[in-house]
Amino acid sequence: MKFERYGIGIIKGMTVTIRHLLRHPTVNQFPEQRLNVSRRTRGNELIWSREKCTGCATCAKTCPQGAIEIVTATNAENNKYEVETYRVDTGYCIQCGLCVEACPYDAVFMGYSYERAKYRRGELVQTNDELLESPERPASGYYHPDIAGKLPVQTLLVDKIVEKRK
Amino acid sequence: MTVALSGQELAKRIEEKFPGSIEESSRDSLVVKAGSLLDVAAHLKDAEGLKFDYLNYVTAVDYFSYFEVVYQVTSLEHNQTVIFKTRCHDRENPTVPSVTGLWQGADFQEREIYDLMGITFEGHPNLKRILLWDGFPGHPLRKDFQP
Amino acid sequence: MTTTELMTLKTEPFVLNFGPLHPSTHGVYRMRATLDGEVVLDIEPVFGYLHRGIEKLAEERTYTGFIPLTDRLDYICPMSNNLAYCLAVEKLAGIRVPERAEYLRVIMAELQRLVNHFIAVGTFLNDCGAFMTPVVYMLREREKILDMFDMVCGQRLTYNYMRIGGVGQDIPEEFLPALRKFLGTTPRFIEEMEWLLKQNEILLARTKGVGILPRDTAINCGISGPVARASGVNRDLRKADPYSIYDRFEFDIPTGEAGDCYERYRVRIEEMRQSLRILEQVTKQIPGGPVRAEVPHLIRPPRGEAYAHLEAPKGELGFYIVSDNSIAPYRCHVRPTSLINLTALREMVRGWKVADLIVIFGSIDITMGEVDR
Amino acid sequence: MMPNLPMQAVPPDWPGGYWWHWLFFSILLIAFVVIMVMGAIWIERRGMGRMQSRLGPNRTGPFGLLQPVADAIKVLLKENIVPDSADKLVHWLAPVIAFAPVMMIFAVVPFQNGALLADLNIGILYVVAVSSVATLGVFMAGWGSSNKYSLLGAMRNVAAVVSYEMPLVLAIVGVVLVAGSLSMNDIVLAQDIPFILLQPLGFLLFFTAGCAEINRSPFDLMEADSELVAGFHTEYSGMKFAMFYLVEYAEAIAISAIITTLFLGGWRGPVLPPWLWFIVKIFIVFFFMVWTRTTLPRVRIDQLMALAWKFLFPLALINLFITAIQVLVWPDALPWGLIIVNIAIMVILVVVWSKFFKLGWGRLEV
């Protein structure tokens, strides 16, 4: 340690911290103040559309974790090939979004919602109707620009700070 | 741009110096016999015009019939690079000389190969398992590894 | 005081375990340090607490399906990992990437470098004992970049943005204005950080001349990245072996000479400035067009092997991939920057104090996800 | 408070005599210290939060004022874990031994004219003597935990306290020379001009040495969280940890109080009641400590020792010498003239010493 500058470096640093004392803090108080997440958020629940899904299982093949399970059956009455079970183990899902990207029929979406923690491990495995879109679990615009356009604009910290400085 | 030296040309030069040390050579790599690996490596590191002083990585591949240890070295001075390999056909107790004496950077990587692939590096100062614990059964990166 | 004088005090060395759960081991690194009082006599690193067998997992994933797992290697900078892996597969399969995608890749890689250096400098200063302040300021700046990453790919940490033959999606229209705004504010922020600690006498005393890594040792140990450049190894793969489109931009490679902790810190700060410079040029030049080449989802590269490397924020990150013409890599090896940069740690810390051990370790800037894989 | 207390605090007119006086002030002091510590924690966390562009705790009570209370309750309700290999008795006694002397310091600190537990005529000497005992508690904690981190932290603390006691005491002696008394109350009464102006170098030395003595940043080596996890109290939990936490802040408050008393004119000040001035000044000094903690990195142990012996100690001696000459030769000199002279001397000395001063061993060959 050598005081080459007689402590000027220390004083310079202290001016920076004291200036921050007078500045507005950049944090926000989470449960009360909520920011808009990205329009392309890959939320932690998969959303599946029963109407669009054909049961081709491209998503299941793409999934690196093997979290998607599809059982299809032929419906002899209507002469249709329909999905019997569509099961996602959210516990295995790593939210990579490759299934959404791969789906040729736009039947799978990432979830837009957050705070979707479960209290029991069994609830992590979601089947059929639990996977449908609902007001609590809207679909995100990941690989779906039409949906992204309707979602609110993401709040950016850059904008916030620039606004405050003005 | 780092120039990748042609394996065949380099093989010719090395063959002159160390006859019978090259097992095989292709456009982008050369395979050195395990017995003369250290000589060739030292030559690559120190010889004029080569000066491969920087070891990019060491890794090993399991091809069932043999293990291949891959070294890529770069010369910072001449900005050229070459891949050389060595093979060991013994599956029970594969052994390759260690290059830690030449490039110290190989230290952890050779330990990792020993750990995951089960290849012993002769002359390594501290050849212990690095990622898995002592007494782990088998070597996971081998293709026949059964967990 | 010389060693002999010290030894006349009749001290007895003892072994102290640093980690795996220690505040400044940057994850779950563990070192068994042999200490003589406060002086470090020797250290022995112990790895493997975060070993997930990613190289083995790669052999059971498709080429595309492995991209999300590369995010988990060096979790501070997943974009670089994604890019390195995609470069390797593209080299293997001979895929050409569209122009716009190359620009987007450069944007992401440089933003990622900024993120990593923010974290590296912040935690390094925190290790020096500047209680949380630099790291909080740095995290605030990082947050701005994470916002942009979030906007582009929907996640803040595991981006999974690069694809083989391009990038995942085109950037949304609000991205470039946000980037320009960011480029406008960040130089001022870096100036402020310089005011905070650049000339601080205590920091100088703690880092100048501490943990010197000589140039020859750096090369022999395979050290790369800012650590090597601080020791005077003038090698940056963006210049030495230009990948993507880095040869189109003007930037300098900051190098140091002393090779001590302070020099590493300086090199990182300078690299941030250079990254900003590259980003300025990219935002001016970026063309339109497709962002992804026509690549089948399940690609089967021809039989062979390829090694592609890039200048990741921490150093040379490379992927060595062997293909057997199936949908999954036959062998995928990661050149772990952090692991190899740790090789020289033992030589660097011997003879220094415990406090210096932490500072030197912090100055190398490692991520355990990459060390253990 | 007691406005009509006599000056020498020997209370013949106090109902019940000494015993009631002592009981009253003992309770008052404990309450004072605990409340001040809570205030200090609040200032530290909120102030530091704002300096770091955060908010700090703001959920419990208005402006987070009750956060220290909530923390205290949380800590007290936690399980008390004693390591198996610990020296149980030493481990148990350490917090008590560390805590008691810190409380005892406040016995001689005047809250306002004459309002103090015991106006010892050697008050400041008593402070110096008692405050060192806390080190024993810290060392017992480090030794008794049978943890190497704790031991390292405790050893560092002992080394630091032994070294920094010298400049600390020498800086005090300067003040005592100017004031002409060892009694804390008399020192305050002597300060028509705060001694920070008459003794600027003494103040600088005392503040630095005091920070080192109580292990505030940048000298917080004994609990250097990035090196030694938590230093000497690594193995403490529950109530005993709370005691150490209390000690840490009580020591900071004590040093702030002593600085206030010795250099900032104690309870003296216009308009506000004296005891409020005293508290405000304590918090101002404490805020300065928080400020340095937020900004500065930590020094290394050898640099810490060298700073004490090569920088502070000689300067303290010179300061003492100069002060003695001033008191002896110009006892009635104009104070304002002396202030200018002393500040000039301080600047010159610091600059000169900075030029020639180099510390730290650097690397040892091993």
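A, B, C and D label the chains in the order they appear, each numbered from 1.
Definition applied: a contact is a pair of C-beta atoms (placed from the backbone, for glycine too) under 8 Å apart; a residue touches a chain by one contact, two chains touch by 3 or more.
For clarity, every value in this text was computed on a predicted model and none was experimentally measured.
Across A-D and C-D, it is C-D that has more C-beta pairs touching. With centres taken as mean C-alpha coordinates, the chain found closest to the middle of all protein C-alpha atoms is C. Among the other chains, the CA centroid farthest from that of chain B is the one of D. Chain B and chain D, compared by their mean Cα positions, are separated by 62 Å. Computed from the mean C-alpha positions, the centre of chain A lies at a distance of 51 Å from the centre of chain D.
Here the CA centre of chain C is 43 Å from the CA centre of chain D. Centre to centre, using the average C-alpha position, chain B and chain C are separated by 25 Å. Each of residues 51-54, 294-296, 299, 303, 359-360 in chain D touches at least two other chains. Counting partner chains per residue, chain A shows two or more touched chains at residues 1-4, 7, 10, 13, 16-17, 20, 26. If touching chains are joined by edges, the resulting network of the protein chains shown has some other shape, matching none of path, cycle, star or complete graph.
Contact annotation for chain pairs lists A-C, A-D, B-C, C-D, with touch applied as defined. On the chain C side of its complex with chain B, the touching residues are 47-48, 51, 53, 55-56, 217, 219-223, 233, 235, 240-242, 307, 309, 316, 318, 320, 322, 330-331, 333, 335, 339-340, 342-344, 372-373. Within the complex, the chain B residues that touch chain C are 1-2, 53-57, 59, 61-62, 70, 72, 76, 79, 83, 103-109, 112, 116, 129-133, 140-141.
Interface of chain A with chain C (complex): residues 1-5, 7-10, 12-13, 15-17, 20, 26, 37-42, 62-64, 94-98, 101-102, 110, 140, 142-143, 148, 153-154, 156-159, 161-162.
Only residues 47, 49-55, 58, 291-292, 294-296, 299, 303, 306-307, 350-351, 353-354, 357-360 of chain D touch chain A when the two sit together in their complex. In the complex of the two chains, the chain C residues touching chain A come out as 61-62, 64-69, 133, 137, 140, 143-144, 147-148, 150-155, 158, 160, 168-169, 172, 174, 178, 181-182, 185, 192, 195-205, 297.
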